[in-house]
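Pasting in a structure now, in structure tokens, and then I'll have a few things to ask.
Which chain is which? They are A, B and C, in the order written, and residues in each are numbered from 1.
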Amino acid sequence: MTFLDVRDLHVHFPTDDGVVKAVDGLSFTVHRGRTLGIVGESGSGKSVTSLSVMGLHRRSAVRLSGEVLLDGTELLHADPEEVRRLRGRTMAMIFQDPLSAMHPLYTVGRQIVEAYRVHNPVSRKAARAHAIDLLARVGIPHPAKRVDDYPHQFSGGMRQRAMIAMALANDPQLLIADEPTTALDVTVQAQILDLIRDLQEEFHTAVVLITHDLGVVAEIADDILVMYAGRAVEYGAAETVFRKPEHPYTWGLLGSMPRLDRAVRDRLQPIKGTPPSLIRVPPGCAFHPRCPYNGRGGIPCATEVPSGTIACHLPHPERVRLAPTL
Amino acid sequence: MRRLVAAVLMLVVVSMVTFAIFFLVPRLAGATPEDLASRYAGRTADQQQIRELTEKLGFYDPLYVQYGRFAKGLVLGADYSTGPTTEHCPAPCFGYSFITHNPVWPDLVDRMQVTLSLALGAAVIWLVGGVAVGVLSALRRGTVFDRVAMATALAGVSLPIFFTGLLSLSVFSYTLHWFPPGGSFTPFTENPATWAYDLTLPWITLAFLYAAGYARLTRAGMLETMNEDFIRTARAKGLPERTVVVTHGLRATMTPVLTLFGLDLGLLLGGAVLTESTYSLPGIGKYAIDAVTNNDLPKVLGVTMLGACFIIVANLIVDVLYAVTDPRVRLG
Amino acid sequence: MRRKGLLAAGIALALVTSGCGAVDPADGTDSVANGGVGKVHNPSDTKGGTLRMANSGDWYSLDPGDTYYGYSWDFVRFYGRALVMFDTQPGEAGTKLVPDLAETLGVPSDGAKTWTYKLKAGVKFEDGTPVTSKDVKYAVERSLDKKTFPSGPTYFGDVLDTQGYTSPYQDSDPEKLGLKAIETPDERTVVFKLKVPFSAFDYLAMQPATIPVPRAKDTGTKYKEHPVSTGPYKFETNELGKRFTLVRNDNWSAANDPHRKALPDRIEVSLNVSADDIDARLLSGDLDIDVANTGVQAATQGKVLADPAQKKYTDSAALPRLWYTHLSTSVAPFDNIHCRKAVLLAADHDSYLRAYGGDAGGEIATSIMPPQVPGAPKNDPYSFKAKKNGDVEAAKKELAECGKPGGFETNMSYRTERPKEKALAEAMQQSLGKVGIKLTLKGYPQGDYFKLYAGKPDFVKQEGLGLLAGGWQADWVDGFGFLQQIVDSRVIRATGGNNNLGVALPKVDALLDQALLETDTAKRNDLWGQIDRTVMDEALILPGVWAKVLLYRPAHLKNIYVNEGLGGYYDFVQIGVK
């Protein structure tokens, strides 16, 4: 059952140099209990997408169009106050760097209590008990003691757990995790991902996991959306995208991902070139200036991309033929 | 504790330096003890009379003896001749003026209430006003409000008190007659309403100068803070915007503001020299200016010591305050 | 300097915004500029109201035994009665002494070495105790104690035959009246015994030191906090360094005091008020009198003089002060009178005046004593006023007679910190240059100007300082006060610190001695005039400017005028506010 339905989302930022088309016609859906991984380089529009869903853009500074339906309710053009009430309760978010994402001058407990009490009229005492519960649930030892610590007194992993606890304060039905593990070392990464998965199973939450790291999504995502220059270039079941990726950019991403089953010399093959400016996105397929197969399909890549889940001018058989063996 | 000892030592050093400035430097510049004493004598006084006066004032004694006398007075008090009798200056004897013939300390205590009233009242106005304007300006960055507020703030920082003060006196006291003339002061204990009324103009003038700085500081701080990740987190929690701005944004901005506030207030308690002079308010600052004008060294010394005390104490308090407001800071 | 500029701008703006004519002369009286000079402005006998005064500094001392400021000598008459006083009249009449506490002026005997005063009957202290001769003696005695009261003048100590008496506080006499030089043969008679003849003793008897002090109430240095009144007002409150108030003294009787009108019921004095604020309040009518008599600030002066609506409330009051240049006979060629005369003639008197502020700063001086000093010569021997830009012809003639037809070179000293004096020196350099006298200007610090430089004969000679810029203000308006310190050769000390920069004429010394013996006031004043003329004839002093000060007199003040005897101050005790 579709819980989050994003349709033709455009997020444009007017600036002095021109309009930054951070997201330009993006559509996807997430079901309850399922996880969507959004993958792309920095600047591809992943985080902007999540902030749009959360309604965290200043409406005066951004031009939004399309639809964001949360459990059937349109959010993009809804009353900000209504969206605010959904934020933190129905949908919650976990941020990349928990040190900067938590207020340095308040205790962890107070920040969780605040998240809880803003949506639930309960006493401070009850909220505090709830906060200790939450800290316990995310695996923080001695939660009754640590609840009064400040963020800087926590280790990185503990902080991210606390951040998750804060996001879970109101049992959200949609959890957006924006690079939740980037700042953490590998062992802790795995623990945090396990935690998110466990919690998802427990509460049947819809999860959007945003990352530049395909390895992370591989472990956890049901569906994968690959973004490039504000658009989806490939969107499908995780299995399919990993096994039979069809977009040359996805090939490139997979090629630059460290894998254990490849020889060292082959390991890292970064995509040549740099991502385009979002003010002057190349026409047609935005990836074509960097694409090694530019024009190989016989159609100029600068023309409009054929619609479909794979935004590429190459004909399907050609893509299948060229796809690297993974 | 170590800080406390350091603070006391600092005071001793300040007293020595002040003493040296007024007693040693003139001597090094070639002034004789008689020259120092002749300031106290009328213009027809002859050498003999000046010599006697010099002796009475103790200017012939070596400097360390003179300083010792001052230090002893601080701790034990001292006695001074009034002619027919002697007057006791009880500890802490901050000195005894040979021009006005009275101990300095009671003067300072008396003047303190004026400076305290002036500084605290103005401080409340500028802190509240400056921070409010700064926050609004930051939130409405680039709007007409922001531009007008920041232009006014620039004016506030650049216009000297004796300009704004004279202007306000001229307009509001002497032309419109809304406020009392310069020099008006009623003790709070006597009549709080008159107290506030008398001080309204000086408060606003002084607060204007400081509020401007605080508005700019707050605005800059808020602009930075409101772009912080934790503000986004606060919004993501679904907190109302007011809570986001005040509880999260302003709270993080306030640490430097409060630090500055503590130091400013400490400095001001040592005498709001320009405001007090412009409005002829008999506070510590005016006292200091008058003492310097009259070459009344014991008063200058006393007032300098008091000012130093305030600044040192303010520094101590700010250090403590810093640790209280920011849990990441621990007192060393 | 920058601060001053801003200040001036601030005031200017403040004045502009406050609008012109802040004072509303609703009472319909017509005011004119200098309406309070030479005549009483708005004469009135209406009592009542409060006289509001302010001082930009502290009051050095309210103790009559320890006060030296002119404004203090003016103000002290509110609460103290000296033996004699300057008559409370405008114009020349104000320079005459009249008895106050005494029945008559002093009666001299023994060749002006003994002076006797008889006190009026019925004068009381504020507590009702009758004033006796002993209170006067005690007051003078204590004023001799310069350790306790260092600020006052020392005239009594100089002329009385003290025989080593220093202070009543060291006095073994049970009544503390051990000074032999003052006798009190009865309750109402005071006799002063001098060591030298002093014909102008009445001027000493005018000084606040003769205001009676009751010994029982004498608290030494603390007495200034509440001097016991014999005048029409007594102290009500006194907040040191801030303000004090005077109220009517019920034990004062107008019957035995014909010279004080005492119109207001109450007098309030604010201390340490900023000078700019004082001006603003005077102009807006929120203040009556600036006590210190230093005149309005430069910025205000320009403003009120330019505005006829304001100018009519100003008085240009003559001070007993002369800005002058001394010619050093010890420096050649000024040993030759013709070279000296050449300087007097060549000098540009108008630019001298402009250096000191133009018409607002005074007028061109033609003699040493300003005209308000009794006996001052009224002539203009070198035609300074007729030839106000200098008489080049005549000067050249004198130079030729001096043997320096082409001029000569010399130096002129001035006080570095005084821009006006520097401007004057530059003006002199220019005007003397026209006749070939080349001046080199030498600035010296004002703190030691008299002690180490211009007032030290050796230094002047050694450095060849032919011309010395300076100024002199008399303690009171009288020939002795004006001349003795600057022309008596016997006060010159080789060690420096001289006010007499080198006038040493036996004839002048002799005339001074003669004057000090002459107890007839008119004859004595004539002698002062002779001394003045003698110095002028010898061309030892180039008088520059008789200084004036611009006073502002708010429209509502009554019975106000400048008292010339007091030295250009408004006569405080006569002012009314109703």
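Assume contacts are C-beta pairs under 8 Å (C-beta built on N, C-alpha and C of every residue); 3 or more make two chains touch, one makes a residue touch a chain.
Which chain is which protein? Per UniProt: A = Dipeptide/oligopeptide/nickel ABC transporter ATP-binding protein; C = Peptide ABC transporter substrate-binding protein.
The shown structure was predicted, so the numbers you read here are calculated from the model rather than taken from an experiment.
Common neighbours of chain B and chain C, by the contact definition above: there are none. Relative to chain B, the most remote chain by averaged C-alpha coordinates is A. Averaging C-alpha coordinates per chain places the centre of chain B 39 Å away from that of chain C. Chain A and chain C have Cα centroids lying 91 Å from one another. Chain geometry summary: the mean Cα position of chain A and that of chain B are 55 Å apart.
Across the complex, chain C is touched by residues 40-46, 49, 52-53, 56, 81-85, 87, 99-102, 107, 160, 162-163, 166-167, 169-171, 173-175, 181-183, 277-280, 282, 286-287, 290, 293-294 of chain B.
Interface of chain C with chain B (complex): residues 3, 6-7, 9-11, 13-15, 17-19, 22, 54, 57-58, 60, 68, 142, 145-155, 157-158, 167, 169, 218-222, 224, 240-243, 270, 272-274, 276-277, 280-281, 283-284, 286-287, 475.
Interface of chain A with chain B (complex): residues 51, 54, 56, 84-89, 92-93, 95, 97, 100-106, 114-115, 118-119, 150, 152, 163, 166, 169. Across the complex, chain A is touched by residues 228-230, 232-241, 243, 247-248, 251-252, 255, 325-328 of chain B.
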